[in-house]
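Written below as structure tokens is the structure these notes are about.
As written, the chain order gives the labels A, B, C, D, E and F, with residue 1 at the start of each chain.
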Amino acid sequence: MTHLIVAPIVLPAIIAALSLLFRRRRRWLGAAIGLAGCGALLLVALALFARAYDGAISVYALGKWPAPFGIVLVLDRLSALMLLLTSVLAMIVLCHAVITGLDRKGWHFHPLFQFLLVGLDGAFLTGDLFNLFVFFEVLLIASYGLMLHGQGASRLKAGIQYIVINLVGSTLFLIGIGVLYGVTGTLNMADMALRIAKLTPGDQGLAGAGALLLTLVFALKAALLPLHLWLPRTYASTAPAVAALFAIMTKIGVYSLIRVTSLIFGAGAGTLAWLPARWMLPASLLTVMVGFIGLLPARGLREQAAFGLVGSTGTLLVAVSLFEPRAMAAALYYLPHTTLAGALLFLVGDLIARRRPDYGDAITVGPRFANIEVISVLYMLAAIALAGMPPLSGFIGKLLILDAVEAHPAAGWIWAMVLGTTLIAIIGLARTGSTLFWKSSICGEAARPAPGGVTSKELLPSIALIILMVALVVGAGPITVFCDMVSAQLFAPQGYVEAVLGKGVAR
Amino acid sequence: MIGYALAIAFACVAVALLLALFRLLAGPTRGDRILALDTMVINAIALIVLFGIHQTSSTYFEAALLLAMVGFVGTVAYCKFLLRGDIVE
Amino acid sequence: MSLFLLFLLPFLGAILVGFMPHASRTTQAAAAGAIASAALVLLLVQAPAVIADGRVSARMDWIPILGLSASLYLDALGLLFAVLILGIGLLVIIYARFYLKASDPMGRFYAFLLLFQGAMLGIALAGNVLLLLIFWELTSLSSFLLIGFWRDRAEARQGARMALAVTGGGGLALIAGLILLGRIAGTYELDGILRSGALIQASPHYPLALVLILLGSFTKSAQFPFHFWLPHAMAAPTPVSAYLHSATMVKAGVFLLARLWPALAGTDLWFHLVATTGLVTMLLGAATTLFKHDLKAILAYSTVSQLGLLTMLFGLGTPMAAVAGLFHLLNHALFKAALFMNAGIVDHETGTRDARLLGGLATLMPITATLGLLASASMAGLPPLGGFLSKEMMLEEAAHTRLAGIDWLVPLLATIAATLSVAYSLRYAVHVYLGRRRAQTPLAPHDPPVGLWGPPALLVAGAVAIGLFPMALAGGLIRGAAGAVIGAAPPPLALKLWHGFTPSLGMSGIAILFGALILAGYAPLLRLWDRLPLPVAKTLFDHGVTALVETSRRITLAIHNASLQRYLGILFLSAIAAGTAGLMAGGYVPGERPTLPASPVAIVAWAALIAATFAVIRAQRHRYVALIFISVIGLVVSLGFIYLSAPDLALTQISVEIVTILLLLLALNLLPKRPLRLSSTPLRLRDGALGVIGGCGAGFLAWAVMTRAPNDPISAYHWTNSYSGGGGTNVVNVTLVDFRAFDTFGEIIVLGIAALAIFSLLQTATRGASGRRLLQWIPDLVRSPERHPMMFVVATRLLLPLAMLVGVYIFLRGHNLPGGGFIAGLVISIAILMQYMASGFDWTDQRRQLDEHAMIACGVLVAAATGLGALLFGRPLFTSAFGHLDLPVIGSFELASAMAFDVGVAVTVVGAVMLALAELSHIAQRAEKDARSEHAMDVDPARQQETPA
Amino acid sequence: MSLEFLVASTIGVLTAAGIYLCLRGRTFPVVLGLAMLSYAINVFLFAMGRLVVDRPPIYEKGLADYADPLPQALVLTAIVISFGMTALVVVLSLRTYLETGTDQVDGIADRQPEDGGA
Amino acid sequence: MSSVAELAISLLILLGGAFALIGSWGLVRLPSLMTRLHGATKATTLGVGGCLIGSMIYFPASGASWTAHELLVTLFLFITAPVSANMIAKAHLHRQRCRLDADAADGIKEELPEPSADTGWATFWTPEPAEKQDSSAIPRR
Amino acid sequence: MLRKLFPHPGLTVLLIAVWLLMLNSLSIGGLVVAVLLGTVIPIFSAPFWPDRPRLHFGWPIVEYLLVVIGDIVAANFHVARIILFRRNRDLRSRWLVIPLDLRSAEAITALAGTISLTPGTVSSDVSADGRFLLVHALDVGDEAAEVARIKERYEARLQRIFR
């Protein structure tokens, strides 16, 4: 089944169109179509993961046009990993949205959701720079739609910022692509990697400018300081289930940074080698700090989760920015963790907010609410995960990162920042938990339940996330081995290039 | 001969474009600006036609055709806005 | 394997107990107790092997890449510690059953307790320092839950958070320290690290690693200046205090010192850091203890002091001191746990813990008093109890230790500390149990049931027994443990009451004497103490946290000021910086491609564009006028595309332009048309400067690329294969629908999503605040009464079919000549939009036979199906096929699958554009105050005839 | 003056105007600024195929001189995408104005109520 | 190409260019919007018309295939241009009547003739005065 | 049935003609497509054009077109002279009110269009009852004569076409 590679893109697109067509039918039909689509996508992602696992790089030339001329989809370990992560998260978040009835709060939740998956999967799979742009736009505009889902004044105001900033980002993306095409004459990333290496000195500066502009755009998506400014407010105003899905959105920036830097501007790029990496380390260290510092005074759970997401993505970027195999492997282990942890915090925040409609997700003392015991456990686990404490996978991830950067000249800074911010996160999250669960338990009266009513079924998606994180811990051995293999594949881009362009072209 | 004629015609249309630009910027009324824009569109159509002759190529006529249609819609929309505020009601 | 079982048992128990919230209290206690006993039995089963072989270990790979393995390592030190953890844990479980009130959720308590027990056991058993870290932090987390167990008490919540912050924070330092240590040693396995002490101490990273590890250890063991969390953790239920602060959590730091002793101890740095800290803590804790009145506070500060003692002993670095430390660790666990339980009984039965209110309880609670007196005697170091033995050893070690070049300093300070400890121990005994009753206690005191006094009685019995038969009871264990700590054969060990007349005996005597004297003169001393301006650690800590939060808030608000302008400004600045940095990194050489001459017409058009751009900026507050200028820019850009050989682009630009203008006009109707000026002149200058720099950058990049020769672009392939491979001569279109059809697929999805998002945005616009605002909306223009001018309506009626024809034509020729699905879709949309504009929304809407949602869906489906069609033939997605079809009579047709794809594009475009614009104009209707018109034309002569005015 | 200079300066001026307008404090100029930026970027991307006069990329056998079709295709995609985005921003800014009664995006309008709640 | 055809083409082109120029010149120098409208109409009709006819002759004359697209452009322009002019005039009438533009001209306020006693111009006057209606009752589509 | 299939026969003919003009060639295939489009498009657009005008095809239309084209050319030169050589203050621009005999919107639009296409006159508005046309003239000496000329030259002919 060579054609399976296109399934993660085409399948959600068809599902989206179908749920659009059947929008007037019964309510459950839309949800059923969406869930079935997600389930199928999960299976596809698993199959692709299995295929990529042994290191083979599958290349799919769309339209049968040979590699640098047409668009190719490339499935390597990294993309398979990201696909799997996306599908899993999408499945869980969609379940949460359906159970809590979020999909009925506005129009077109299911088509937008599926279209977002189209964009995400496309971005992870494509081997063409401009195609990457297109899928970025698909996922962005779908995210705009989802972000505004349900609406409300603050969401609208934050939406304007989010959209305008990302639009400018897209503009910069195009400038970067344009310059790179103008200089190298190609759009295929593998081909570009070859051509960058052979550029004349006069062209290198331009290619460098293009490279850094691309980096900037990816950094914007990954919320790297100082380009993270849009994220807290956006995520804090988004419906929590949507924000949970958005946890993967920062990762798409990270993915692109990894992909483009390691493939195109990697060791083979002559004077431009690792150019994007040079600025990333200080920026990501600051991101970690600003993210976790912002978590401390946050007024709402979503705001706190958003800042936490910035911080933990920063931690991830710290490891990525070294562009060193061991650190990259550590980052790749941490990546699914931070995605799941961020999503979990948003979902738990939603559970809390739904149970005390008069207080919402504000971090204030409120009355007791239904399932407070279980939710407090969930919150504690989410907090532990986000802060990177044992026994959940964040701790292992942090250990891996700390261990991997030990030899780096900036190790001291990294350690100080990563560990120091962990403390801040612990303090901040403990304050929140104490306010929400301990103080609140004093209040005599029980909370007025949410208008739609709440069920304990709602807890299942969050529990699923926790189980996944536990699985990350228990299976850490094989998973880290796999991450190491992913990292090895990334740092040997010849394999990628040869898979795309044929044997013998690379060096 | 045609070459000279074309050159002169190009110059004429170009100057016409500039004159319309003047009216566009100077106004004074909004109607004037709309009129100037409309005239510029017409001049642009003329330019396209002349360019087509110049290059002996009929590739560009659709652009003229489209411009004729679209320029009209634009002008009307601007006027409708002045008249009613709402261009679709 | 049984080691793993042992280590997992408490966790399993925690889960078990956690899942039986509805069971009776006794059942829950029994379950917890059974778990703890089972673990204890499992542990003791291992004991002979440990004593015999020195260790028992088990190992399972976990994360080989990291060097983190699930390796368990039970030696005598671990055994000693584990016995304390499990043994005292069992007693605490029993005690708690009787101590906790019926309203306290017992199941939760036991779950937390077992969780904590598991974590502690993990520390004791961990054979890999990374594994140890995991349990280390777990103890912080589970103790957080235990301390905050009475969640409705503010001091419990604060105490829990403080403990978590301090111990968890120290744990973070420990992470760094242990990783460093492991990297120096080359392994994270404990035995590997312990074997490479010389290597470690020679490493340049040793001091840093040591400091970090000590930070972890000191915070956990409440050493000065991190000691303050411990007294506040007393807000926990007393069983918790008995467990956490006698045997377990606080001992973890000391345990770590002992555990890493072979690797770290013995250097000057170690000595100075550890011994000094221990000494200071011992003194300070003891002094503070003396003047506390809350029984639990007395015990807490005494714990601090005793921990200082332990720390100092391990800091001395001599094997004998280590032995003394281990012995005292055992003794302290016994008497301190007993004392906590004892204090709990007093609290439970009298209702108060204030030493100033109590007194003379000996007669009322004889059993409790006996236990309390014996345990405090052990704490005071009175013979013949265990405490005496270990204190003797401590004084002996102190007696020959030099600090800062002064021989008498350590002995003196140690004696003072011992004196103070005698004093506070006696105070506890005397002021509570002896003398006369000082006040009426809330409850009438009497001895508790056996469930409460049984556990401390066992502990006290242990303390007495060890004092009497030290070698028999503890000798083997201590010797084994000492061997494990030192990593070599321990010094000959003689635990006995009578050593002869040694300096330590003298010091001990002095301590007892002066201790009694201090107690006698307690009242004046207390007054003196109260007058000392001592900093209160809690206030400092609270101030610190408040300041941290406040600073964070300031920083966060200062950075995230919700101003789009700032966010964008930073983005633009970063982009400029990135571009510049990239250029600098690679260097720039001017290109040599010959430039094209600019014709006068081009210059005129250019001038028009520039003028219009400036006009837009000038007119930005006159929004309507600015729109007209924007149109000029669009016009010139389209002309430029035509001139520069891009007819497809020109067509697209022209048609997109008009739709955008319509959209903006529709929106502008409801937006303020002439807003106030917001930004000041300096701001505008700044933004202008940013704009100019950015513009120069973009212009320069464009110039630089345009003036250099293309680098063998891949489009040459597209050119040569367009007709032969793609079946069309318009290479741009073939690229769009064939070479890069996938891009186009994404592009129509973008358009479709945009329309859907717009639709769902506007669907709710008529509700809520927005709906009210629409209802109150007053047009800010004076409006003409005529809505549908006759000439316009008639013209559009004729234009609609014509424009649609043009649309079809542009669509069909797209493959070979400029045109294509997108432009066709736009043209058709414009044609229909013209109807909307001319004849009004309602009139047109009734006659329109489109379902835009379905169109978008179908468009995407058609495009996808075209792509998938190729799969049926075993070709990759979006592989196109084309052929010439000869039909009789009609002639030859070219059919390409790409055209079907283009149909999908066109359908989506029409659907998306119509959905967005129709919905937007529908919103404006809400604001309309006039009656809606059913007629297509306001002036219709035909109508006038029928109904003469 | 060369054609390249005209195009480059056009890009520069449009970009500058776009940046300036984007930095205004209300939604409408921001939308205009985005429109300007998208003009600039379209021309920019197009210019990356170098400038060629009157050689539209319509295939004729043997013709070796043609405008690079690929950037044109890219620009087409970019135009469509930026159209969709612009439409969304326009509607969103209108919708926000209707909901909140202000079209300011400088953050001043939202800061006041939040300070009290802190 | 025959010289006659060449001459005709050149003349037509020149004519077109000249009229486009004259129209725009009128746009600049005529005193008021209504008079300027006349100038603009000229550019439409004969300016573009001349070029189009020139082009229509040129292509067959120069050996290229005959195209009729010029005719279509003309058709479109002839349909649309009067409507554009009409709408501009209406907008102008409206704004002048309501004194919305700064410098009033064309005597629209004072000198505009009225059609008859029982009716007015559509831009200002409507036969059925629109009564207020509860606009919240808009039916959904 | 036939009415449903060809709601606007005139339109169908026009579309077929336009299609063939666009194709630039006369082939059977093209003709088939033209007829197809000429049928389908009016069916779609028919709802938007409810009352179709009854037109008389034949000589009157041709004659009308010729007259108009002639007038356009002549008027162009006339107006060009005014623009180039007449001083602004000598302009005799004024408003004309043309009472209408035509009674269909399409016919009035055609008349108004013709008036606008011939330079020198711009039809600006109709009266609310559709019986008068407001025309602005650039340079007219005698209002009544001009009105009469328009009525006679254009309106009369149009009345013959739209019956």
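We adopt the following convention: a contact is a pair of C-beta atoms (placed from the backbone, for glycine too) under 8 Å apart; a residue touches a chain by one contact, two chains touch by 3 or more.
None of these values were measured; they are calculated from a predicted model.
Q: E-F versus C-D: which has more C-beta pairs touching?
A: Answer to which pair has more contacts is C-D.
Q: Based on the averaged CA atom positions, which chain is farthest from chain A?
A: When every chain centre is compared against chain A, the largest gap points to F.
Q: Taking mean CA positions as centres, which chain lies farthest from chain B?
A: Following the centroid criterion, the farthest chain would be C.
Q: Between chain A and chain D, tell me the centre distance in angstrom, where each centre is the average of that chain's C-alpha atoms.
A: 27
Q: Provide the C-alpha centroid distance between chain B and chain E, rounded to the nearest whole angstrom.
A: Computed from C-alpha means, the inter-chain centre distance equals 11 Å.
Q: With centres defined as the mean C-alpha position, give me the chain C-chain E separation in Å.
A: 66
Q: Report the inter-centroid distance (CA atoms only) between chain A and chain E in whole Å.
A: 56
Q: Which chain F residues reach two or more other chains?
A: Touching at least two other chains: 18, 22, 112-113, 123, 126-129, 131.
Q: Multi-chain contacts in chain B: which residues touch at least two other chains?
A: Where chain B meets two or more other chains at a single residue, that happens at 10-11, 13, 15, 17, 30, 34, 59, 62, 65, 69, 72, 76, 78, 80, 82-83.
Q: Give the residues of chain C touching no fewer than two other chains, as numbers and ranges.
A: As it turns out, chain C has residues touching two or more other chains at 553, 562, 564, 566, 568, 572, 643, 647, 668, 698, 701, 705-706, 710, 713-715, 718, 739-740, 743, 747, 750, 753-754, 757, 761, 769, 781, 784, 786, 790-792, 795, 799, 802, 806, 817-818, 925, 928, 938-939, 944, 949.
Q: All pairs of touching chains?
A: In this structure, the chains touch in these pairs: A-C, A-D, B-C, B-D, B-E, C-D, C-E, C-F, E-F.
Q: Using the touch definition from the top, list the residues of chain B that touch chain D in their complex.
A: On the chain B side, the touching residues are 55, 57, 59.
Q: Which part of chain D faces chain C closely enough to touch in the complex?
A: Residue list for chain D touching chain C: 1-32, 35-36, 39-40, 42-44, 46-61, 66-77, 79-81, 83-88, 90-95, 97-101, 103-108, 110-111, 118.
Q: Going by the contact rule set out above, which residues of chain B touch chain C in the complex?
A: Those in contact with chain C are residues 10-11, 13-15, 17-18, 21, 24-25, 30, 33-34, 37, 40-41, 44, 47-48, 51, 59-60, 62-63, 65-67, 69-70, 72-74, 76-78, 80-89.
Q: Which residues of chain E touch chain F in the complex?
A: On the chain E side, the touching residues are 19, 22-23, 25-26, 29-32, 34-35, 37-39, 41-42, 45-46, 49, 65-69, 71-72, 75, 78-79, 81-83, 85-86, 89-90, 93, 106-107, 111-116, 118-123, 125-127.
Q: Applying the document's contact rule, which stretches of chain C touch chain E when the two form their complex?
A: Counting only chain C, the residues touching chain E are 766, 775, 781-782, 784-786, 789-792, 795, 798-799, 802, 845, 922, 925-933, 938-939, 944, 949.
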